[in-house]
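In this document, chain identifiers A, B and C correspond to the written order of the chains, with residue numbering beginning at 1 in each.
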Amino acid sequence: MNEQTYTLSQLADYLGAEARGEAHTVVRGIAPLDSAQPEQISFLDNPKFRRYLAGTRASIVLLGAQDVAHCPTAALIVKNPYYAYAKVAELFQVTPNYACGVHATAVLGPGCEIHPSAHVGAYVVMGAGVSVAAHAVIEAGCILGDRVQVGEHTRLYAHVTVYSGVRLGQRVIVHSGAVLGSDGFGIAKHQGHWHKVPQLGGLSVGDDAEIGANTSVDRGALQDTVLEHDVRLDNQVQIGHNVRVGAHTAVAGCVGIAGSTTIGEHCLLGGGVGVAGHLHIADQVAVTGFSGVTKSITQAGVYSGMPAQRDVVWKHNMVRLRQLEKMADKIKLLEQQVAALLAEKV
Amino acid sequence: MNEQTYTLSQLADYLGAEARGEAHTVVRGIAPLDSAQPEQISFLDNPKFRRYLAGTRASIVLLGAQDVAHCPTAALIVKNPYYAYAKVAELFQVTPNYACGVHATAVLGPGCEIHPSAHVGAYVVMGAGVSVAAHAVIEAGCILGDRVQVGEHTRLYAHVTVYSGVRLGQRVIVHSGAVLGSDGFGIAKHQGHWHKVPQLGGLSVGDDAEIGANTSVDRGALQDTVLEHDVRLDNQVQIGHNVRVGAHTAVAGCVGIAGSTTIGEHCLLGGGVGVAGHLHIADQVAVTGFSGVTKSITQAGVYSGMPAQRDVVWKHNMVRLRQLEKMADKIKLLEQQVAALLAEKV
Amino acid sequence: MNEQTYTLSQLADYLGAEARGEAHTVVRGIAPLDSAQPEQISFLDNPKFRRYLAGTRASIVLLGAQDVAHCPTAALIVKNPYYAYAKVAELFQVTPNYACGVHATAVLGPGCEIHPSAHVGAYVVMGAGVSVAAHAVIEAGCILGDRVQVGEHTRLYAHVTVYSGVRLGQRVIVHSGAVLGSDGFGIAKHQGHWHKVPQLGGLSVGDDAEIGANTSVDRGALQDTVLEHDVRLDNQVQIGHNVRVGAHTAVAGCVGIAGSTTIGEHCLLGGGVGVAGHLHIADQVAVTGFSGVTKSITQAGVYSGMPAQRDVVWKHNMVRLRQLEKMADKIKLLEQQVAALLAEKV
């Protein structure tokens, strides 16, 4: 964290928030509600943590109007405390200082166009005809194939690999170890031997997307794989060829999406979810963690289980499963009673 | 894609296919049936896409004899349209031009033998005694440990890591971020503390294998981990130590195979499948996506579920599960009826 | 393997083991029981392999007292044969020879402190203020951000990425492709658009930890993500932000642990396990492979299934599931019998 300090009134102005408490209350850092110290700001978003509010040592707390009555400290009242926390955290962020220009050790192919305000780090390697727009950052050790396009303010952390022809929009963030535009898994069996299907499509990543560490996104077989704008992928995610992920969709860690599947906009895929190939998932679909989606989903809503189904149905089935033991007992009792009734008849 | 054009008769010759339509019909690209434009060739393999045939704008369609009657355009009749598509896609592939020789920035240990026709890219690092055979390609930023062997025409994309002693056959393709020959997960507990078990074995990868982006394959503990020839691994796959994967087996994305398991030949593991350690999977076994294999499989066939079982059995169980609600209702009705019968007796 | 030879009596001294057989029996290698050759040592730990003992061709076998009567060869009797095997394997390990000093091609930021006994390989890149302690090894192509701390005897294999501020203890091993300290997946939705939550915390890795190939461990949002000492992570593992993994806990391949979860000490997570966020897992908990932990676990023991439950309960449920067919048959029979009884009444 940097050493900046902020007062309650400064932060109220910055956030457009209503302030309660002494306007000159100072904070110089940010911390969780239960571990914050004086001169730190904290936030209350998840109701689970409401129990920490009364005892917090923070100097200021970001919270919703419903919680201000129970706040023992100065407060900033906001509609979305989690978003306000994100905005305040930005104030305490140390922004690394990337020198403009291309490091002397970078190896660039013919015809690369690097904007003078961009940063290209040590041991970066680029093929032919790569374009890097203004204020983009290509950290050390990144490798970009021929004709890769990097938009303005886009940032590749160290050790990102981008295959030829991939297009990255503006303000995209790609974390280390990510591989973008690798060949899709296309193989055709012929006389008992696999034959590789050339992957002629590309990969297009929209503005404001973020791609996590060690995530891989394949290029298309014939057309492009597409991550629309504001798509957010966590770490260790695998996106197959020809997939399209809709705008504002967030994908948690360890998710795999098989080839040619389309995910709608504003979807949420929980950790470890798998989505089979050639499916269509509607907008506004949430799939809870560890679920496996094996059929297309045509309606917004929450889905769970393996195979994934409406969350309420799945929860109901889970309850039934836990009652199997009781069902077996009931059947046994019925068998005894019916046997007795039948015996009487004789 | 490159700008080559091909006529119907040229493609018929190339594929050994029967042609229907004007011999001089020209194509200059390849696209899916529903989005193809005039002067593009397309293909019909998956029956799901048959509905697009009548309306396709493609100039030529690759298809089986059963579909030709409904094809509105020129056609090439083949036994395996998917394989024919792969062959035609090769014609439109841009083959990157790798200069022979070792880039000036590559750092090679003593005793490396690099064939003059091989390509070694910028910032490649090799240990001692590495051998790289004719026409092999080691792209930028690859790191190869001591005594690694790379066969003819084998291609490592950028940022591949190969630990010491690993042997790669001919025509192997390894995608970026893959790690080959890392230590297996061998730990022995002693007095409450883990003790690392040295991993003394190696890793051998057969001819024509393909290994996906960010996939990891561990070296053996005492003997070699083995991928036989024509094994195909997708992205984000994890292969534990001492595993042997049989020839022509294909493994989809996000699969994990635990240590000392043997997979047969011509197997198919769907996306996200897990296979426990110390198992033996027979030849010709297919495991559907998201399944967990916890016991050895001794017979060819299709297996599904967690734990994995014969696919027909699993599907049957899934049906039963969906009927649990009805079973509970039936039990309730029986209880009422039996109670009534018992009450009458009194 | 190196070419060292050892006698039975030397090994007995080294291990503190009781020897049976000719003291001058020589071994020059180590191999599994069923494939060992003369002049190799083997071991019997897993009772599954007891059947190979009578026929082994090994010259010496490491085993427990209960097996010595059936051993046809010289033997070393130990309490923990697997640990003894690890110790003997160390004798046959080829220790790579890392030259002290910083490779001429390494690019170091200002204020880095590299101990003269440390090894820094080709094309390593470090930010400002990095410290590397005595005997540490940073292999080729590693990239370390600002202020990273590397403890004594810690070893980073090739292509490891360490984000700024991460602290690694002593004797830590990190395998290739691992990414340490990447941003956690923190996003806040605001007016339909995701807003990135700055990840201001760090990552601390304790002494003797091992981190597998292509594994990713995120930095904390406000405080540190922590791997305590002797934590062992296999390949392709994902650890979310703010997670704490307790000492001596081992995590198998392809496991994902979501953010803000605490795992106790001496836990074992099997391959492919998922753990949801904001949970607390007690000490001494084992979770079997492919399970999904969705609730906190407050008591030591073995847990299985999705959602994870006590292993005995889960196994019981699995048995019941397999009996669903029979339950349906019983209900059908009861329905017929009751219908007959009811019909008689009329």
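Heads up, the rule we're going with is that a residue touches a chain if its C-beta (ideal position, glycine included) is under 8 Å from a C-beta of that chain, and two chains touch if they have at least 3 such contacts.
Here the structure is a predicted model, which means the values were calculated and not measured.
Engineer: Chain adjacency by touch: line, ring, star, complete or other shape?
Structural biologist: The chain contacts form a complete graph, every chain touching every other.
Engineer: Have a look at where subunit B meets subunit C and say same if over half of the interface residue numbers show up on both copies, different if under half do.
Structural biologist: Mostly different residues: under half of the interface numbers shared.
Engineer: Roughly how many whole angstrom separate the Cα centroids of subunit B and subunit C?
Structural biologist: A distance of 26 Å separates the two centres.
Engineer: Multi-chain contacts only, two chains or more: what residues does subunit A have there?
Structural biologist: Within subunit A, residues 123, 141, 159, 177, 214, 236, 254, 306, 321, 324, 327, 331, 334, 338, 341 contact more than one other chain.
Engineer: For subunit A, which residues are in contact with subunit B within the complex?
Structural biologist: 107, 123, 125, 141, 143, 145-146, 159, 161, 163-164, 177, 179, 182-183, 185-190, 192-198, 200, 214-216, 218, 221-223, 236, 238, 240, 254, 256, 258, 274, 276-278, 292, 294, 306-307, 316-317, 320-321, 323-324, 327, 330-331, 334, 337-338, 341, 344
Engineer: Which stretch or stretches of subunit C touch subunit B in the complex?
Structural biologist: Spelled out, the residues of subunit C in touch with subunit B are 1, 30-32, 35, 48, 80, 82-83, 85-87, 89-90, 92-93, 96, 103, 105, 121-123, 139-141, 157-159, 173, 175-177, 208, 210, 212-214, 230, 232, 234-236, 248, 250, 252-254, 266, 271-272, 289-290, 306, 318, 321-322, 324-325, 327-328, 331, 334-335, 338, 341-342, 345.
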